[in-house]
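Same chain, two partners: chain A is paired with chain B first, then with chain C.
Entry: the complex of A and B
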């Protein structure tokens, strides 16, 4: 069908090439026009913009696509990012857990590799692929909720892994629940919302945004108030306390006994 | 210095009034010739008692300046003790406990420092006094023989004999036997009272075999008691669940200790469901007892990528993919699964109670 005699072809042989050239010019020009206007509109806004999506797309292709796939569909080395939302990206990249330094039991917290703007761009890009949990707003993160309710929720939902004082704890095969002292409220919220690494997801039906704020309030209360019991010894419980009393308590008893029974000079 | 560790020689040497050959008295080897052997322990190669080393004078015995120095140290320690006591009194008043948690800390710390100084001052001062200033010359206190004289022993037997005759304890056997009977019966009420501390009028095993879950009981959030919709449980979620109405129970903590459940949703393709349990999960939502089958700690450390459940007490690990089979640790049985489904309004409900007793083993568990 394509191989008709040249006479029967009413179009010039170069017509296809010209058409493609015109199409490309229009698309590229339109794209350039569109992005430049978008930048002009929302230069100061931190919300998702086409330019930051484009910037995020570039950053993603350069830094993340090796493991997560060019279309963030996931590969053997990394999970799919479809539907994880901006909150997940902000947590993983903002705390330096991503990009991974190496494959291991779990992603480790590191100094972040990207600036806040780049992290935002990556989050915008991933959020633009499919809907997912958004980055919490500032009014969701104020630590002025009900610390009593937060404490109860923390003990029921979080304390078994993160320790009742949020000091962290061990899991299986090299994994661990990190210490929550000094962690930014935003990252605590995002971790609950998205369930990074092996942490379960605590969505808004399980722990409502108000409850999440209460939990953050409780953690900040623990962090900002001294322990009434004196030395905390890392809040690690009987292991640290036992070690302390065996070394210093029994040590003092041994020293006193030696002094008591030694012959005076 | 008292010398309690007397060897056999000391006894033999000081108890010359006793028959040297009697009983198990230990006699020195040199006395063997005139003693009649009997049960005496003869040591032919024993150590000679070297006696005490010569008393070595301390610096405080020689140098009066050092003695004065030691004296000053001792009374300073006692003064520190007095200061500590007064400090503790003052601290109790200066740092009262109020609503602020920090006040508890300050009160405890300063009161503790004061009392510590008070007690340690006395103790250290007394020991330092004894060690540096009190006379240190060694002396010997020989231990007297344990066995009484024959007259004393004879008299003791006589006293018992007289008492028996006067009271008629041996003669009036009816009185004696009834007294023994009364003494035996006396502790019996205590046994009954202690039995009364255990659950009465109910079989404790039956209490352990059932929980609050019944057919149609809604799964509700701990602690709020709000029902949970199947659609709310997203993949990777872990919900801490109590049965509906638990918060209204008078014995809610006892009930919660048996009925607590962990609800998780994982990809249905990851679940290996054994025959007979096909309908127990709802589209990948599974509910397992939170009570460890080892000693009953709450198992709730859910790893949402590996689908392992870890018990924080003894590191028993359960594999949620394979119906919470034990893959590590001391637990012997998998966690019991709660069969769940949804009701007409979309809320998650229990199909029935657990099909086996939850928690650790007990005697009557078959």
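Entry: the complex of A and C
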């Protein structure tokens, strides 16, 4: 049985090193290119001072690192936060979803654990690690856009999970799309931008900042203009209406029939 | 209670209302009334009709008014529906919305949607009328459902009323059809999604499905025809049949006379209650306004079907929480419960079992409801007329079958809201669906046995009470030193109610004229045994006599 000659000899001993060098040059170059576009966005965000980054670093180590890793590289219990940006931190921490109370189908909204300054510091810290979507500025959040356009975009992109009136809906395995009534414009914007939990990311190429503003305008219109028809029964559609007629409609009518046929004394 | 009269003895009525009211014969008004009545009577002989119909007796019980609720909601629907037709445009021609609702300004939509929005926002009182119409429709079908349950559980469908059950059943189906066609008219996102499901079900029928779908929609879904076609059905054909059927239904109520619950003096040959004139005419007339009032109150305060939120129909978006109105929910639920992916391809044809099985199961369920009176009549072999209603406990097998049917329906119904159950009780939707799947199959069986046993137990309790009365808790020492507890006997009226019911026994298998026992006979005997093997015999006079001698 003739042994095959060792193939390793056919390559130059330094071939592997060169290959790695080329690979690194490409990824590094690509990364540099990418960051140069992304940092432009980061720079427009709220001013991050060195002190707030340091403060955020401490808070991160104390509250987040258990699951997300000391360098936010992620662990088996939590995803990496590289590139999630300040917007994601502001959404997750600002709405109380993070830190998680417990592992579950999805992070539940609860009273925020950190103050606005602490949340900002955490956002600054995570943004300082790597570039990512920034917290939207006030002029992106003004609800004075085109509600018609917002409504159409909402029905096409959002309503299948959040319901046409933003009342929320069920997803698989116990997950759900939350009710959007009363949600701060900033969080709506950040959710679209970063795609928290099971939500898809609607980046600025997919839905432009103007479109995002229109969607917020539409949602705020619904919120500020309650139904002209009266109480909305949670905007849940025919199920709520059916339950109502069976409990209160039929209930009232049956009570009245009993009253009408009661024996007079 | 001098107003209680027998309808077979109409002259006996002493009318306290008229005898109590002081006569005011000499006023101008009454002279005019008398003259006018005479004028009409001389030309139409209507007094015979009034006399006959006015002396019609209706017994008094709250459950007898459920059908009336349905009738009055229908009148409300007719009135408000007529108003809506003045403004609704049943056309799918595209227009650009330019009304006052800001988030739809400039959106292209069908004329139907545009006019529905115009009714909601621009026509004076339009939104209120639209909401009354829709809420009344929900109440209409709900009261039909309750009315049917009352008829079923009290055995009011037995001879001679089997045909009227069938007519009532058709009314229920027509009401569903009216509801669904109406739901589809505004051409908003919700109604379009509903139509898409119907389209899917039609297309799921092998061989002809696609052809039928194209026929219905006048081309590929959604096409430009469907709203106009549904409108014709909704305001012309279906209401015409519905009105005719309602008339027939009521004629039969008059012909058969109303049923009554067992009680002293109430027999199969009489009806005890109040006459139409003056009591029921006033009561029922007032009740119409009460029902109208309840609906109007609900419609003034509670939004129904906010089409402006849904926006115009567009085949691409589907909203979370898209459901049909409650009465179609059981069909939607069946589609949600069937496991997905049940399909097979045989010789190039796809058979979508996940569509066909629900259609067949629902068809069988509905057919059972329609034919139940015939089946029960055949099983019992009872050819007598029945005008005294059963208490549900006294027909345990029927009640158990009803309970099983209600459970099955309720499971399908609940399944239609599986997503909302999941979000509102923080459950996983898969768990909810699996739980309801189990309920839909096992629930009816469990409900059947529980209901049957409960009925038999209640019958035993009734028997016990009729024979022994209640334990009074009073201990008496007899002269001989013996202690006994005195039982309080129920009074005659109450006992009558407890003991009056028909006893059935399983049918014997008998050979026919040729001396052969047919398979049909065997089946009938087996079903009869299923119905009546477990039974509690009603107590007899001699039972009571023996018992009253033993105690005291």
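Observations on the model:
Assume the second predicted complex is superposed on the first by the 211 of 265 C-alpha atoms of A that agree within 3 Å, B and C clash if a C-alpha of one lies under 4 Å from a C-alpha of the other, contacts with A are read in each partner's own complex, and residues count from 1 in each chain.
Following the convention adopted for this analysis, a residue touches a chain if its C-beta (ideal position, glycine included) is under 8 Å from a C-beta of that chain, and two chains touch if they have at least 3 such contacts.
Only a predicted model underlies this, so the values are computations on that prediction, with no experimental measurement involved.
Overlay on chain A: chain B and chain C clash in the combined arrangement.
Between chain B and chain C, C contacts the larger number of chain A residues. When the two structures are aligned on the shared chain, A:27 is found in touch with neither chain B nor chain C. Legend: residue contacts after superposition of the two complexes on their common chain; A:71 is shown touching neither chain B nor chain C. Legend: residue contacts after superposition of the two complexes on their common chain; A:244 is shown touching chain C, with no touch to chain B. Of the two partner chains placed around the shared chain by superposition, chain B is the only one that A:202 touches, whereas chain C remains out of contact. By the touch criterion stated above, A:16 is placed in contact with neither chain B nor chain C.
In the superposition on chain A, A:130 contacts neither chain B nor chain C.
Of the two partner chains, neither chain B nor chain C is touched by A:142. Comparing 1-9, 37-45, 271-279 or 343-351 from chain B against chain C in the aligned model shows that the clashing stretch is 1-9.
Under the contact criterion defined above, the residues of chain A that touch both chain B in one complex and chain C in the other are 152, 156, 160-161, 169, 171-173, 177, 227-230, 260. Residues 152-153, 156-157, 160-161, 169, 171-173, 175, 177, 195, 197-203, 205-206, 225-230, 259-260, 264-265 of chain A are the ones that touch chain B when the two sit in their complex. Listed in rising order, the residues of chain B touching chain A in the complex are 58-60, 101-102, 104-105, 108-109, 127, 131-132, 136, 221-223, 228-229, 232-240, 264, 298, 300-306, 308, 310, 312, 315, 317, 328. Those residues of chain A that touch chain C in the shared complex are 105, 147-148, 150-152, 155-156, 159-165, 167-174, 176-177, 218, 221-222, 227-233, 235-239, 241-246, 248-250, 252-254, 256-258, 260-261. Partner chain A is touched in their complex by these residues of chain C: 60-66, 69, 102-107, 120-121, 127, 131, 135, 138-139, 142-143, 146, 189-190, 283, 287, 290-291, 294-295, 298, 300-306, 309-311, 314, 316-327, 329, 416-420, 422-423, 426-431.
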